[in-house]
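Each chain gets a letter, A, B, C and D, in the order it is written, and its residues are counted from 1.
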Amino acid sequence: MSASLAFDLLLAAALLWSAWRALATPDIFRAVVLFIVFGLLLTLAWARLAAPDIALAEAAIGAGLTGALLLDAVGALGSRKDGAP
Amino acid sequence: MTLNEALPLAVLASSLAPGLIIFALPESRIRLRTALNLFGALAKLVLVGVLLAGVAAGEDYGFRHAVLPGLELVFKADALALLFVTLSALLWLFTTLYAIGYLEGSPHRSRFFGFFSLCVTATMGIAMAGNLFTFFVFYELLTLATFPLVVHRGTPQAMRGGTVYLAYTLGGGALLLTGIVWLHGLAGSADFAHGGYLSALGPDYDGQLQLVFLLLIAGLGVKAALVPLHGWLPRAMVAPAPVSALLHAVAVVKAGAFGVVRIVYEVYGVEFAQSLDLLTPLAVAAAVTIVWGSIRALFQDDLKKRLAFSTVSQVSYIVLGVALFGPLGTIGALVHLVHQGVMKITLFFCAGNYAETLGVHKVSEMDGAGRRMPWTSAAFTVAAFGMIGVPPLAGFVSKWYLGLGALEAGMPWVLAVLAASSLLNAAYFLPILHRLWFRSRDGAWPEEHIPARGGLETSPLLLAPPLVTAAAALAFGLLASSCASPLDWARLIADREYLSWSP
Amino acid sequence: MIPLLKRVAVILAAASFAGALVVAMLDLPAPTVHLPAAVEANMAASGVAHPVTAVLLNFRGYDTLLEVGVLLLALLGVLAVTGVRAAPRAVAPAEPAKRMLARLLAPLMMLVAVYLLWAGAIQPGGAFQAGAVLAAAAVLLHLTGILPGWGAPGPRLRVSLAAGFLIFLAVAGALLARGALLAYPPAQAGMLILLIEAGLMVSLGLILAGLFLLLSRDSGDEA
Amino acid sequence: MTDPVAWLILLPLVWATGAFVLGPGRGARLAIGALLVQCALALQLAVEVLAYGGRTHPVGGWGAPLGIDLAADGLSAVMLLLAQALALPLAVYARAYFAENAPTVRYFWPLAGFLLAGINALFLAADLFNLYVTLELVGLAAVGLVAAGGTARQVAAALRYLFAALAGSLLYLLGVALIYGAYGTVSLETLAPLVDARAPAAVWIAGGLMLAGLMLKTAIFPFHYWLPPAHGGAPAPVSALLSALVVKASFYLILRLSLDVFAPLAAAAATVLGLLGAAAIVWGSWQALRTDHIKMLVAWSTVAQLGYLFLVFPLLAPDGLALQAGGMQAIAHGLAKAAMFAAAGVLMLATGRDTLVGLAGVAGRVPLTLFAFGLAGVTLMGLPPSGGFLAKWLLIEAALTHGQWGWVAVVIGGGLLAAAYVFRVLRQAFLLAPADSRFHPVPRSMEWTAFVLAAASVLLGLRGVELMALLARGAA
């Protein structure tokens, strides 16, 4: 087994794991963090598939922008909960 | 488009166009609405007159228009169609006059007359349909256009009547549609033709054709009020009197009966239908309906309901005549189509007059009404005697030919049915006449709306139509043998129908 | 919490579906049609040197046109849902060091964006990526309190949001009027594509930034 | 302006963007003007296809499989005609509607423009991936329109709709990816000769995934769960557009794919699709009979009527009857449903209530609208002389020709069920109004557009010959 194949398999496993954890975890904040991790892993995967264009877009939009928005939403949810009597 | 193509369309348009305009009219334009109604009715009569003269001289009037590849709307004004067209056009005029008087001052008259005109258009379409597809189009249109009239009053009772009416007629329509599409698949898009067009299919299809016949008759039987499909008719009597008079006594039930005529004579062909053993069961169904309807009528105290059950019974005379294998039965059936219409509309007009003038709705409230309303009661009496079959009234002529037809067809049991029916007719009409003329009134009328004034027992618009139609019932009987009588016309049709196969 | 049984069932279903997919993929014969060869053969007429850009803006430029429409539509959806809002609240400014960093980084990111756009003609990059970097710069500025969130966009902002798409449409329409939709004449292809991409970069950057700036809670009316 | 095909896509994109630039609530006149042109273009295309057969437009001048082709044949010409013919009166209606209900939907015009562009592009696409893009365009615009009302209920319905639409798109996209993996192309024209019944397993899976995705978007039973809240809850012009057009788009795609490219695989699913259609008719009608809200009733009726479209699949045959039935049903239902939602909008505006009970007495107050509702009902019931009647006639004939009796019973029974729920409304309308009821005046243009649409759905039944001839036109 070559090193690159091992890396690919590891990457695939990590992708599946992060996706599953993001779905299954009950804590929203953790789920969002896992989602961002998933996005970054996906960026790596695109890069490994020799598609740098898509890797770039995934990093910027999939992980960055979406992640920031989700974090913001979690924050808003938290503040609303705190504000409630 | 030639003139001969345009005339049938003009007959349709003469009620459709006024109807559509009337829908758009505001409630307050009473004069214009009345003018449109009368103009339409008179124009239709003129057109029908032209058609009658032409058909008697052997002209062909027809119009075709393809709606889908292989599917055509066909209109054909042949002798049979004109029998029904003439009847409806004449009675439409009288009913319109009556309705104008009847609905004076009540709300939603634009809507009423709009749908009323649509109903007449649908009836004309049914009469002039040249193939089953066209027939079905107008048959369903008639259902839709009558519903708003049945529920016109907007009371919960009217709603219930309307729902029952719809359930029956739409169900019947579904059966009819199945049968028609089935035939379309077997025989293609064929026009109605003397002697039918199905006998060419060959013996392999006999079973299917019998089944289709059952579907078609069941579908038509709902409107023709064949027992046990008649349940809607008495309940639809919640409608205003002109609706009961023209539509439920004449147009709707006749549409069903007329469909049976077309199916037996011009789709299957009477000889082919006989060879498939279809006619005897039809005759039995009709006989059962005749007797059952009369029996039920005996026990109704509500005048309109009694008349409704009487309709159930009387319309089946037409079906019975069709099922009698031979030209005399055919004549009896066709002439009864006209005679029953004239007599029954008279009875309903009179019933409406009693209700509108005196508030009398029940037989038991009619004591002494003959003295208060002699003209109306005279018309009622003529029509009732006609229904019983007393010579020389119109009803006698129909029953005479039906009896002769039964003997010709070798079905003497039909004579017994006719006799029993006449007895029953007498049993439910004579008590009414007795109350009208020979009992005296003690106390006031239930609800006297229109007082007697200046020798007139009720408003002239309500009085004239029944008098005219009663006179017609008398004339059709007395002058039956003259030319241009309904009987003469029925003979002409029977000649043409049977010419195609009889030696 | 999902009951255990349901969870197992879902996992089993997903696993068997994935298994079926893998088996089916391994079973695949070589594709009948070989498009990369066709792309290679027509590169010269495409007006650009990078095959991905050639496919995105030329060979399948129509898909891209519609996709830009989808992005604008997404923004429209957000605008429609967020409804009428009062002027956005000012964001609490971040610490001076962070703001300093942001002020420094933002122009740099714009520069990177322009470079990505320019480079798209010959190597990976292009309007989408450039727009994404621009949007990231805007988000950064917003998070440090320099750029306020958006309320309802005014006329000038609406024009800028739509400009890229409108330029694309105008080019497509002009080309359609003289022949086929988006059929560039080879001589002007490079120039037209660059024009389209430049417009797209600005508008896509704004659209992506807008998705954040409209939805971010700082622009919200909750308080 | 030679080729109507590409202009039919560009034009709505232009006015949609233009309306966005103009700002919230504006762009109605722009849209109506452009829609007039679009109607003319669709008519021109229909006439040309009828005369010369189908045509393709190679976008970018490359031609498939390297580039993308737009293709117009009889089926797409008919659908394009329907889309423009629906959009124009609905635009007139919407203009009056939003003038009455001032700020409810702020970006209606740009969203509607994108929706129409997506629909036109979908009817013209001849490329599996391009179809995905058009599906996204249509789906997102539709979700946006549902959400744009802005109330919590509408946003919730939109979110549910969004998930269904996205899941459908993703399933479809996965299928497209598998097809590309198997054949190396996504052009329908190139694929058609390659796909046969001995296709590799991946192609069968792909077909199944795409079908499932499209069924989700069409909301055929049991995937209908998202439709009633979305269509029933949206503002009336939006409901009309969605029910009349949007669900037809994904149905069109299923039909198109199972007629051309996937014909060798489609037979396997035909009976199942037919059975789902039958279930949809029964279930949708039943729910329509139970609901107390006018617009929910109309929305459930859409669920039921979609069932008829799926009855087409088991009956597809070279005789073309079933295809004609499908085309006729799509058009007739489109017109009738648009009319019905438009009429429901007027009724709700006039009575100020959204329940059936609140309708008592409207027969005397807004008779034209009630008449429109009734006419549309005639089409849905399949009573003559409507287009719906011809569709049912053709369906029954096709079923009888193939000796498949069960479908006949479904069609007939479905018509009776439709009658039952339509007359629930009409009955209520004929009741006497309670003394305390108030009626608001309604703009005439709203009443008339509803009526025109309804009348068109009925009169269609008198003139189907040209449409059927157009439908029978294949690709050149």
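Keep in mind that, in the parts below, contacts are C-beta pairs under 8 Å (C-beta built on N, C-alpha and C of every residue); 3 or more make two chains touch, one makes a residue touch a chain.
Values in this document were obtained by computation on a predicted structure and should not be read as measured data.
Colleague: Decide which interface, A-C or B-D, involves more C-beta pairs in contact, and give its chain pair.
Modeller: B-D
Colleague: Quick one: report the Å distance separating subunit B from subunit D, using the average Cα coordinate of each chain.
Modeller: Taking the mean C-alpha position of each chain, the two centres sit 43 Å apart.
Colleague: With centres defined as the mean C-alpha position, give me the subunit A-subunit B separation in Å.
Modeller: Each chain reduced to its C-alpha mean, subunit A and subunit B end up 78 Å apart.
Colleague: Quick one: report the Å distance separating subunit B from subunit C, using the average Cα coordinate of each chain.
Modeller: Distance between chain centres, rounded to whole Å: 72 Å.
Colleague: Indicate the whole-number Å distance between the mean C-alpha point of subunit A and the mean C-alpha point of subunit C.
Modeller: From the centre of subunit A to the centre of subunit C is 19 Å.
Colleague: All pairs of touching chains, please: list them by chain label.
Modeller: Those chain pairs which touch are A-C, B-D, C-D.
Colleague: In their complex, what parts of subunit D are in touch with subunit B?
Modeller: By the definition above, subunit D touches subunit B via 324, 363-364, 367, 371, 378, 381, 383-385, 389-390, 392-394, 396-397, 400-401, 408, 412, 415-416, 419, 423, 426-427, 430-432, 461-465, 468-469.
Colleague: Would you tell me which residues of subunit C are touching subunit A in their complex?
Modeller: Where subunit C meets subunit A, its residues are 1, 52, 116, 124-126, 128-129, 132-133, 135-136, 139, 143, 208, 211-212, 215-217, 220, 222.
Colleague: Which residues, counting only subunit A, touch subunit C once they are in their complex?
Modeller: Subunit A residues touching subunit C: 26, 52-53, 56-57, 60-61, 64-65, 68-69, 72-73, 75-76, 79-80.
Colleague: For the complex, give me every residue of subunit D touching subunit C.
Modeller: Touching subunit C from subunit D are residues 1, 3, 6-7, 9-10, 13-14, 17, 20-21, 23-24, 57-62, 65-68, 70, 103, 105-107, 110-111, 114, 117-118, 121, 129-130, 133-134, 136-137, 140-141, 143-145, 147-148, 150, 155, 158, 178, 180-185, 190, 194, 200-202, 205.
Colleague: Mind pulling up the subunit B residues that touch subunit D in the complex?
Modeller: Touching subunit D from subunit B are residues 23, 65-69, 71, 73, 107-108, 111, 136-138, 140-141, 143-144, 147-148, 151-152, 154-156, 159, 162-163, 166, 170-171, 173-174, 177-178, 181-182, 184-185.
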